[in-house]
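In the two complexes below, chain A is the common chain; its partner is chain B in one and chain C in the other.
Then we have the complex of A and B:
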């Protein structure tokens, strides 16, 4: 039981941090498909930064700076150049995947993965079996609560939702939707960097090309599944993590009789079913969508 | 005509901006950007051999991109071309592997049918979910890509595994010489003929049939289409299925033609590149053909770079991604256009 819980927390924590970034963007009216790219930038920067400087904090800091810069680039493209957020987000994802590959090859030659000498600080013996988890797992509930307070209990959070749902109303009370979106994306960039760092430095202390393996997209699905509510989306991503952990558990129980690769597909199938159910419950999109275009009025 | 020219110039301008961003990234990573672009051009277009390679990679991309064009025109964001491409390839391999030994004139048509059907089915379920329960197709097709990728790993290391395979990536048994539609990893007249036929058929479908007119109307103004009395959901579903079928066809061609077998993790960026081609071509069938050859050239250069120029192949991914970032942009920043207008008025 404890093993399974540790596995769930281990795979769920990065997902939840990135989901929070998606929640902020979704509330501002942006379909954020660049989460995957931001996450891998964070993962890569944390490992490479730690190896080069010898300090985890520096690695994490570099990741945060790079992710915020990339988020600002995305904001410029979709807000100022009026590009389609979905395609631009996919482009940012590609830029993250290719850019981290290029960076690793430029620094370490044609090496497939980079090992860090040490990872994020662990919880330690005080937590018994759970001591192997990184301290970011402990901060995760705080981050969820923080985003909940920010989006549901502050003036800024309500203005942010207004920008996403009815930009005209936001404008009429003097809120600038463009500026709110920039703030939401950049704050999301910070969360993506932390999530990526937890992924690469939380347990394995390794960066490999394409190691996010669709987790960013899964986080985006969790945002939709959880109706862009911080707690709901966190629950959705926890659910995905549980399904993934159960798949590994089934592997241990049934051995070779269940094909391993099909079990790996379980979270994706769960995502489809989840989005399908949430669409049914809430009516979904009936007409051809606006392709996630930003609205100003 | 002027409008057409503006569109071309606009697309070229944003591709140029994307390449500028790429040069900045290359320089930061410690590679010389001019050298990089020069090597890419050499690998893509500077020799007959390079041109052949560009076409070899460009033609399957052209088919998949046509599928994306059709479904985007209908107003549905089918970004699952990658999964549909994989499912087409898997279905084709099952048929050609299962019917091994039968005469070629039976096997090859059946394989094509299976491949197209495989892709179409993989596009149909997100389509049905979309039109019946309003499930967002962006997420379902995206997840479909991942599921199809894992299924590909499963069949190449399970049911279709080549027992004599040596380490590396798992793959199926090579397709028998009898059933191949091109020799080795190269182009053949058969593939070119198929692509031209499909291209012409799609051009007619988009520009000369009521489906084409209604679908492009549906993409721009869905409410209008409903008021005209057309079934939006049927249009969309047909768009999905045609799109999936074309991606499946591209997968079949790769299996029977240049690659000659199914291997896990084959062409992992095929679908994304196809979406890019469709967008750069501004969803026009004619333009798609030219743009596909350009991106085929980039793909060919991706194989050329690490071997002959000693540069990382990730450069191609970065160029593709940067183009994706900018290609859908519709305006310039207001300040910039304002500046230009002021200058025009003063001169």
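Then we have the complex of A and C:
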């Protein structure tokens, strides 16, 4: 049981951090499909920064700075150049995947995976079997609670929701939706950097090209599944992590009798079903009518 | 109000004029683009290109091929170009552009490049085409060489070795994606475990990607927690996560694919089912740029210098003493099996069905 929980926390934590970034963007009215790109920038920067500086903190810091800059770029493209957020987000994902590959090649002269000499600090013996997990796992519930308080119990959070749902109303009371979106995206950039760092430095200490392997898109699905509520979206992320862990377990137990491909597809099947149920419960057709449009009226 | 596009102080183009001008510029650029390759072809560049369909950075096949091509280029003084092609829809365009640019040799990796090569090779008879890891063409083409690798033979030896060194009798196999050649590798390991006797079991799993070390790490962790103590990797960059998982516990062993992986787990990477793609590409490109090039199919197995099962010299120095001693003790049996496969007295089934 403990082993399964550890596996779920290990694979779920990076997803949850990135999901929180998606929640903030969604509440600001932006369908954030750049999560994958930001996550891989965070993963790459954490490893390369640690290797180059010898400090995990510096690596994490570099990741945060780069992800915030990339988020600001996304905001500029969406807000100032009036690009479609969906297309701009996908562009950011392409930029992240290609840019990290280029960066590794430029720094090390090859596209080989980069290994860090050490990873993020672990919880340690005081946590028993759970001591193998990184400290970012411990901070994850705090981050979820923090985003919940920020979005649901503060004036700023309510203003952010207003900017996402009815920018005209927000502007009429003196709130600047563009500035609120910038803040939400940049704060999301911080979470993406942390999520990426947890993926590459939490238990692996490795960066390899494309290693996010669609996790950013799963985080986006969790945001939709969880109705952009911090707790709901976190629950959706955990659900995906559980299904992923069960998929591996199922391969080991039933791989002889059930096709491996079907078992591997379980998390993705669960994602589609989850988003479908979510749409049914909250009127998906209505949401789809404004899909991707940046509402600024 | 004018809805045109302003260029300078007094120049305003209507939207229609702007679109016409853009279309004209695009057409001009396209015509220029078509003309450029023809000029390059006329010059005869001697270019050797490698189109790899898995990403570099795997500490394995792709890195090895790129390194070998660079080495050969430095030795023989020809230009090279390596291109990572992800989307199979773009393969014909990439191969066609390279051929148009006058490439003398174009090498592509794995099964997915077979169709574009079949389609383009007859149209470019002066270009020599190499497919690394592919089935023979029927009928063969005079300017195409396909190379296949009997990697499953190495996996058979790994399964036999695992059956002897495993303390728990539980053996694992982690592949990238369930493809026929990888299925054959897993089945060869099962066949070896069955032949070894003693009730060893082989559990197989696939990560669903050749580039997901986190997933590899998770699968390997679950396997080790289930008592498996020897895992054969077959998953390119995903392997790094598997080796990382092995490094996190005592008595865990991994058999990998490339000597580059020794450093990732000096005391856990016990052996390699080595497939030296780099050497293979080096050999084929050398033949292709030489005077004696012949199209056809080359099947590469044990005893060719490309595929082998090797005990890690790093593990011999840094591995746990009991496992090192056990590995050395059983090695003569592995050598005997290898000799049997090469001389045909030991037949390994090639079964791609799971």
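The rule is short, and it goes like this: the second predicted complex is superposed on the first by the 283 of 297 C-alpha atoms of A that agree within 3 Å, B and C clash if a C-alpha of one lies under 4 Å from a C-alpha of the other, contacts with A are read in each partner's own complex, and residues count from 1 in each chain.
One rule holds in what follows: a contact is a pair of C-beta atoms (placed from the backbone, for glycine too) under 8 Å apart; a residue touches a chain by one contact, two chains touch by 3 or more.
As the structure is a computational prediction, the values presented were derived from the model and not from experiment.
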Mind checking the superposed model to see whether chain B and chain C fit together on chain A or clash?
-> clash
Counting residues of chain A in contact, which comes out ahead: chain B or chain C?
-> B
Which partner does A:113 reach: the first (chain B), the second (chain C), both, or neither?
-> second
Regarding the shared-chain residue A:264, is it in contact with chain B (first), chain C (second), both, or neither?
-> both
Return first, second, both or neither, reflecting whether A:141 touches chain B, chain C, both chains, or no partner chain.
-> neither
So, A:90: does it touch chain B (first), chain C (second), both, or neither?
-> first
Stretch of chain C, among 58-66, 94-102 or 310-318, that runs into chain B once the two complexes are superposed | 94-102
Between chain B and chain C, which residues of chain A are contacted by each of them?
-> 101, 110, 259, 261, 264
Chain A partner contacts - residues on chain C that touch it in the complex | 55-59, 63, 66, 178, 203-209, 211-215, 217-219, 221-223, 225-226, 237, 240-241, 244, 248, 260, 264, 354
Within their complex, state which residues of chain A touch chain B.
-> 31, 33, 73-74, 77, 80-84, 86-88, 90-95, 97-99, 101-103, 105-106, 110, 214, 217, 220-221, 224, 259, 261-262, 264-265, 268-269, 271-272, 275-276, 279-280, 283-289, 291-292
Flag every residue of chain B that touches chain A in the complex, lowest number first.
-> 25-26, 29-31, 74-77, 79, 129, 133-136, 138-140, 142-144, 146-147, 150-151, 153-154, 157-158, 218-219, 222-223, 226, 232, 236, 269, 272, 275, 279, 312, 314-318, 320-334
Name, in rising order, each residue of chain A that touches chain C in their complex.
-> 3, 7, 10-11, 101, 104, 110-113, 115, 132, 199, 203-206, 208-211, 213, 244-245, 248-249, 251-252, 255-256, 259-261, 264
